[in-house]
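One structure follows; several queries about it will come next.
Naming follows writing order (A, B, C, D and E), and every chain is counted from residue 1.
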Amino acid sequence: MLKLCNINAGYGKLGVLWNVSLEVNEGKFVALLGPNGVGKTTALRTISGIVTPSQGEIWFMGKKISGLPVQQITRLGISYVTDDGCLFSGMTVMENLLMGAYTIKDKQKVKNSLEKVFELFPRLAERKKQFAGSMSGGERKMLAIARGLMLEPKLMLVDEPSLGLAPKLVLDVFKTLKELTTIGVTVLLVEQNVNTTLKIVDSGYVLEQGSIVEEGSSQELRENDHIKKTYMGIA
Amino acid sequence: MLLKTEGVEKRFGGLVAVKDVSITVNKGEIFGLIGPNGAGKTTFLNCISGFYKPEKGKITFKEQEITGLSPTQLCHKGIARTFQIVRSFPKLSALDNVKVAVVYGGKQHKNPEKHAKELMDFVGFNAAKDVLADNLNTMQLKRLELARALATNSELLLLDEVAAGLTPSELPDFIDLIRRIRDSGVTIICIEHVMKFIMGVCDRIAVLNFGAKIAEGAVEEILNNPEVMKAYLGEENVH
Amino acid sequence: MISEKSLETGFVKNLKHNLGNFGLSPVAIGLFVLLGFAPYLIGDEYILRLLVISLLFGTLAMGFDLSAGYIDVANWGYAGLMGLGAYTSALLLTNLGISPWIGTLAGAFMAAIFGLLIGVLTLKMDGMFAAILAWFIGLILMALTTSLTGLTRGALGLNVDLYFNTGWSKPYFYVIFVICIVTYIVLRRVTNSNLGLAFSALGQDAEAARTCGVDPMKYKVINFTISCFVAGLCGGFYAHFMGILTPDIMSTKHTVEVLVIAYIGGRRSIWGPLLAAFLVVPVFEYLNFLMEFKYVIYGLLLILVMIFYPGGIAHFYNYIVGIFNEKKRKLTGPESNPFA
Amino acid sequence: MKKFTKLGSIFLVMLLVVTLFASGCGQKSSSDGDSKVLTVGVDLPLTGPSAKAGQEFKDTVTMAFDEVGNKIGDYNVKLVWIDDGADPQKGTSAYEQAVVRDKIDVGILNWNSSVAVALMETVAKYQIPHYFGMGAAGTINEKWASDPKYHYWINKGWAMPDKMTQAYVDVVSQAIEKGQWSPRNKKLAIYGDDTDWGRSYGASMKKRFTDAGWQVVNEEYTKLGETDMYPLIAKMKSLDVSLVAGTISSPPSIAAFIKQSREQNLKALMISDALGETAGFYSLTGNASDYILDNRPVFTTDKALKFAADFKAKYGYDPSPAAGGQVYDYTRFFIKCANETLKEHGKLDKETLFKFSQEKLMTGQITFTDGVVIPEYKFDKTSAPDPVVGEKNYIFPVVQYFEGKATVVWPDAQKVGDLKIPDYAK
Amino acid sequence: MDSTVISDLLVGGILRGGMYVLMAMGLSLVFGVMRIPNFAHGEFYMLGAYFSYFACTLGGFPPAIAIVLAGIGGFVCGALMEKVTFYPLRKRSRGDWIMNSFLVTAGLSFILQNLAQALVGTDFKGVPQYWGGSINFAGLSVSTDRIVGFLIAMASVAIFWLFLKKTRTGNAIRAVSEHETGAMLMGIELNKIHTLTFALSSMLAAIAGAALLSIIPAYPTMGLQPLYKSWFVVILVGLGNIQATIIGGFLVGVIEAVSSFSLGAMWQDVVSLSIIILVLLVKPTGLFGKKMKV
């Protein structure tokens, strides 16, 4: 479904990704793992078009998307939930959600999506009128994901949903994401929280210093010595 | 003891970014500060380097209270820092970048240019010295920033993720450089994510999570601390 | 390049170095000397007068560039400070009978003091706010000059005695010529010195500059004060050159005129704005017959420059030099590449 | 590719500049043949805030010279428009250009006082006689008197405001004497726009009305172009003034002042000097301008009406008596002077024109009685640089407006109706 | 000071403020969404006045329609300007956007002012009245034109506000001003939003100019005063804060009216500017501003 071939990318002169290739299949829950600062976020930014790769190609559903502007990539059905949420803090929850469905003109569809989202996140339904800026960290995360869903995406890129969340909430968020894959949304998750993540995803890639160092199903990765050593602290 | 913080707290609106953090850094050591993203490490560093004024707590440097002093004053007292995203003066030449710090760093030099050049050689800055900083690559900029920080005659160097963005092959060189800086008599506090780097250079580390310090001690000790594991790697039991 | 340098004898090298300290390259000296003889070479009084005005605007633009280019604060109240200098000198002369020469300096100091105050008040803020606040203060100065009729005669205008008892441009040319050269040398010297390093550092990254030990307040205020001093000095000259002052000289449109010259010349170069004044002022004077269309062209040029070449003349020069060097490098082979 | 577009854009800009220069050269190279030419520089603000007046100047001067076939004796007249942009610095540069480039022999007219003061220097330096600048302010008189070299600024076309305001005092006093008006109090408010013109006029009115026993309770000048007069009028209302006097030269401001004073129902007789100068002010104010007093030249004579009609036919708008009519007169006065000079000296150049002005014009030997707005334009040593002011010479009638039409109410010799007092001011 | 004077001043200040609101809102919008300190805003006000004048006199349209036409004219001109200037500027911009775009607006202002003068002439083009008559209440008398002009301004502000709040496109504009990257990720076409924003802002200014035509005749340089005033408002309340301009506009209007009354007309700028500077010194982001790195 999504395929990155030998991507190099970065900001100006600062190269971040080197020769990254990965593949996400439809309906799967895939994680991109690795410590902070290795380029996971950059990878997502490159897929979503915010960063243009200096080399390599990105394919989505048989269409080359590298080099397209962000809006067009969004319209193809890729929804990117950033780590800071990119919320419109001066707007209400409801308005934020409606912005999520900006590209969908069919009002009935928007309504359905809203219902679906409120079902997933009942908390948001209670706080429809609240300003996004005045919500707590967990609620903001939910809103960001909910907004990402409003687009009716085929693929969701989710960046560190665990960031700044209490462990209990992290679980909730992960479960929600898992549920999404059951209703047909493919999810590419970026996480540094290796243990938790590997328990829930189908497969994963490990990024180190801008390059993919390991890949495999979650089972394989959990048993991988290198990962055990570096990330799980099991020597 | 070179630097000591006692119960430092920093808030942004309702959010407590740093909560009651106390650490002690001894002269001549490399002190690591780790923790997951958003744990408040950079905020804490900003409190020490004077960019933020903490709401509560006290920071002492060489037995002197320095809480709330401006970065400029702190620089003159001997605290220098680098930034997470490398900051240079893009339209000045590399040499001038360092010269600014030599001239204004608080100590008079007879020949600032010469001193700056020596420092650039020391950190292994390999490009031509009269190139505009705008034209340098990350590695060169990082070395330049280090030279600039050293140029202020600092006794304490605060490094914010210096190793981020380096390729694995560049890392050993860099670790070596940090060690050499320490050996020249500069105490270092560094925030880092790259574990190899932490394990390679740090004498002691402290771990922050949700703005609070959850552990402090020698490297081995910390890495096996269950509390830290949980913070970093998440809850063990997921169903 | 290296071989060339080593050929130079010690003396020449020394001289060159010393002059370089004053921002005087051989080309600059040559141009200045040529300009100095201009009144003898050019018989045309009109052109001479244009030169005077070009020098005036060039000097103003250099002063403007010191703050706009180096500490990145565009002083929108610049015309107000120029007017302050002009009025100070004029009022000292008419009310106290103080010589216009002393008055001009007094006006410059007055503007500098005001610049210092404005600096202390505004420079804590980010660039844009400081610019707007300076603008408001300039507007207040203008409104005060208009309202305090007892002192300034307001809109009635103030008759000011000239420096010399003549209207011919030659003596005025030398006055502004000296002002311009001194300003140029001082500004070049300042910007090439450690002070200039501090200014540049603050303008390009204030936070990094602070960590290097540069006190932002102190150096920004110094910079602003010098820049305003230049404005006041030119104001004084204007007063005793034109012979009449009205509050209109403080209006924003004059700031914009200076700003346009400074930006077309290229920020952070000092020489760019000076050169630009010699291009922009005569060209647009020349286009007088076009009436309104002259200003339409003015606007068009401004837009084109900003869209296609925001760096201005100075950066265009650097760009040409860059191409030249690149060619040279290609010829001499890759070893001499400093980036290697 | 990138480099190319960059170079391309530079090339474009350069091309633009070069074309401009080229087009400029084309403009300049129109040299004249062997015939004798008198080059006349006309100083006027064609751009900037006073551009409106400047345009009217230009049209009027063109018309006046067209009427004599652009010839004075055997001299062809070449007109050079000097656009001063209402700015002293731009004005002097432009004048300088006219002197050096176009070699003007003589200059005429001008509008802004501050420009006039700056130009006096230029004129003195080149010893170019400059006839009939219209800047009125006292600053010009001061400078003129300070040094004989400034006498190259040959007389002002306009008398200092101070000499003109007495007319209003006379009108009002007369009306009170005759019992046409019994004001409820003798409180007066002075207003004006904050320009040399507005202020000097206000100051003069203040002085003269005070001398006549009026009490000035408020004197205030608004910014040029201000259109919200509510606070000012509210103040006048609260001070209960029965007479309001002043002048505002900016049309939107004066229209706003007049309209808003009626909206707010200001209970006072209003003097609004220079209102008539805004040609077609009625289209801005409507009936709010009824009862307003003005001291303006007016087109009353047949000659004047013919001029106004011709002007309208030629340029499509009504000339104002000041910027149109007076300028017309002064241009023709200048033509007369030039003809006389030619007769007397046999040639026309800056020396003869200057000499003539000092010998004949300043002594009152040559006057102009063929004008459309003033009975006789006369200058002499006692009044210089102003024209001689008096009932037979330079005087403007006081008029009262009704439905945009001016009715002369003073002086008695010209008057067509009595002063009418509106109900609200009784 | 008796009560009629106070109410006179208040009414005067509010009427004046209404126009400031309309002008300042557009200025604030353009800065909030596009980061352009618009120096040419007053020129759209001028265009509006001219459009309305020509619609009234040449077209013979009734005032209300003339004002609407002027608004449309302003919209089209604004969109056009954005496409030919800021769009290429943004594509090429490398840093220094604020100063560069400011200079572009200064250039636009030169061009529009002088083109107007060259094409239409320096005449003051005005109509004596739109509707005529005046409305009296409680001892106050205000002309109908003023009241209606004020109502038009308020209606425009209200409609515009509803547009921003309630419509999909309006929400998109707000979203862009809140978080540009976020908006991009929602599939919002920034280029379209930018053009639309600039056009709307120009439209508001044009409506203001058109609504006041009977009070202020059209002439080429008429835009300068309203430009200054709207800058005062925008800076007073904080750059980019669109809601707060409503309060700020009235505030500046009343401050000016009062200071003009009590100290004299020539002091109104000194007073209002001094107040703004004092506010900025205490609160550098303006009365209601959010912290913004500029």
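Points to keep in mind about this one:
As a convention for this text, a contact is a pair of C-beta atoms (placed from the backbone, for glycine too) under 8 Å apart; a residue touches a chain by one contact, two chains touch by 3 or more.
Please read these numbers as outputs of a predicted model, since none were measured by experiment.
Common partners of chain D and chain E, by the touch rule above, are C. In summary, no chain was found to touch both chain A and chain B. Farthest chain from chain A (centres taken as the mean of C-alpha atoms): D. Contact count check for B-C and A-E (C-beta pairs in contact): higher for B-C. Chain E has its Cα centroid 48 Å from the Cα centroid of chain B. Centroid to centroid, with C-alpha atoms defining each point, chain A and chain D lie 74 Å apart. Averaged C-alpha coordinates put the centre of chain C at 33 Å from the centre of chain E.
Shown for chain C are the residues in touch with two or more other chains, namely 146-147, 291-292, 295, 301, 308. Along chain D, residues 47, 194, 221, 223 each make contact with two or more other chains. Shared contact sites, meaning residues of chain B that touch two or more other chains, are absent. Contact between chains, using the touch rule, shows up for A-B, A-E, B-C, C-D, C-E, D-E.
Interface residues of chain E facing chain C in the complex, by the touch rule stated above, are 37, 85, 88-89, 92, 96, 98-101, 103-104, 106-111, 113-115, 117-118, 228, 231-232, 235, 239, 264, 266-267, 269-270, 273-274, 276-277, 280-281, 284, 292-294.
Of all residues in chain A, only 48, 50, 70-71, 74-75, 79-80, 82, 85-91, 95, 98-100, 102-103, 147, 151 touch chain E in the complex they form. Within the complex, the chain A residues that touch chain B are 13-16, 18, 35-37, 83, 160, 162-164, 167, 170-171, 174, 192-197, 199-200, 208-211, 230-233. Looking at the complex, you find that chain E touches chain D at residues 1-2, 4-5, 8-9, 11-13, 15-16, 114, 117, 121-124, 126-129, 132, 134, 141-143, 146, 212, 215-217, 219-222, 224-225, 256-258, 260-261, 264-266, 268-269.
Within the complex formed with chain A, the residues of chain B that make contact are 36-38, 136-138, 161, 163-168, 171, 193-195, 210, 223-224, 229-230, 232-236, 238.
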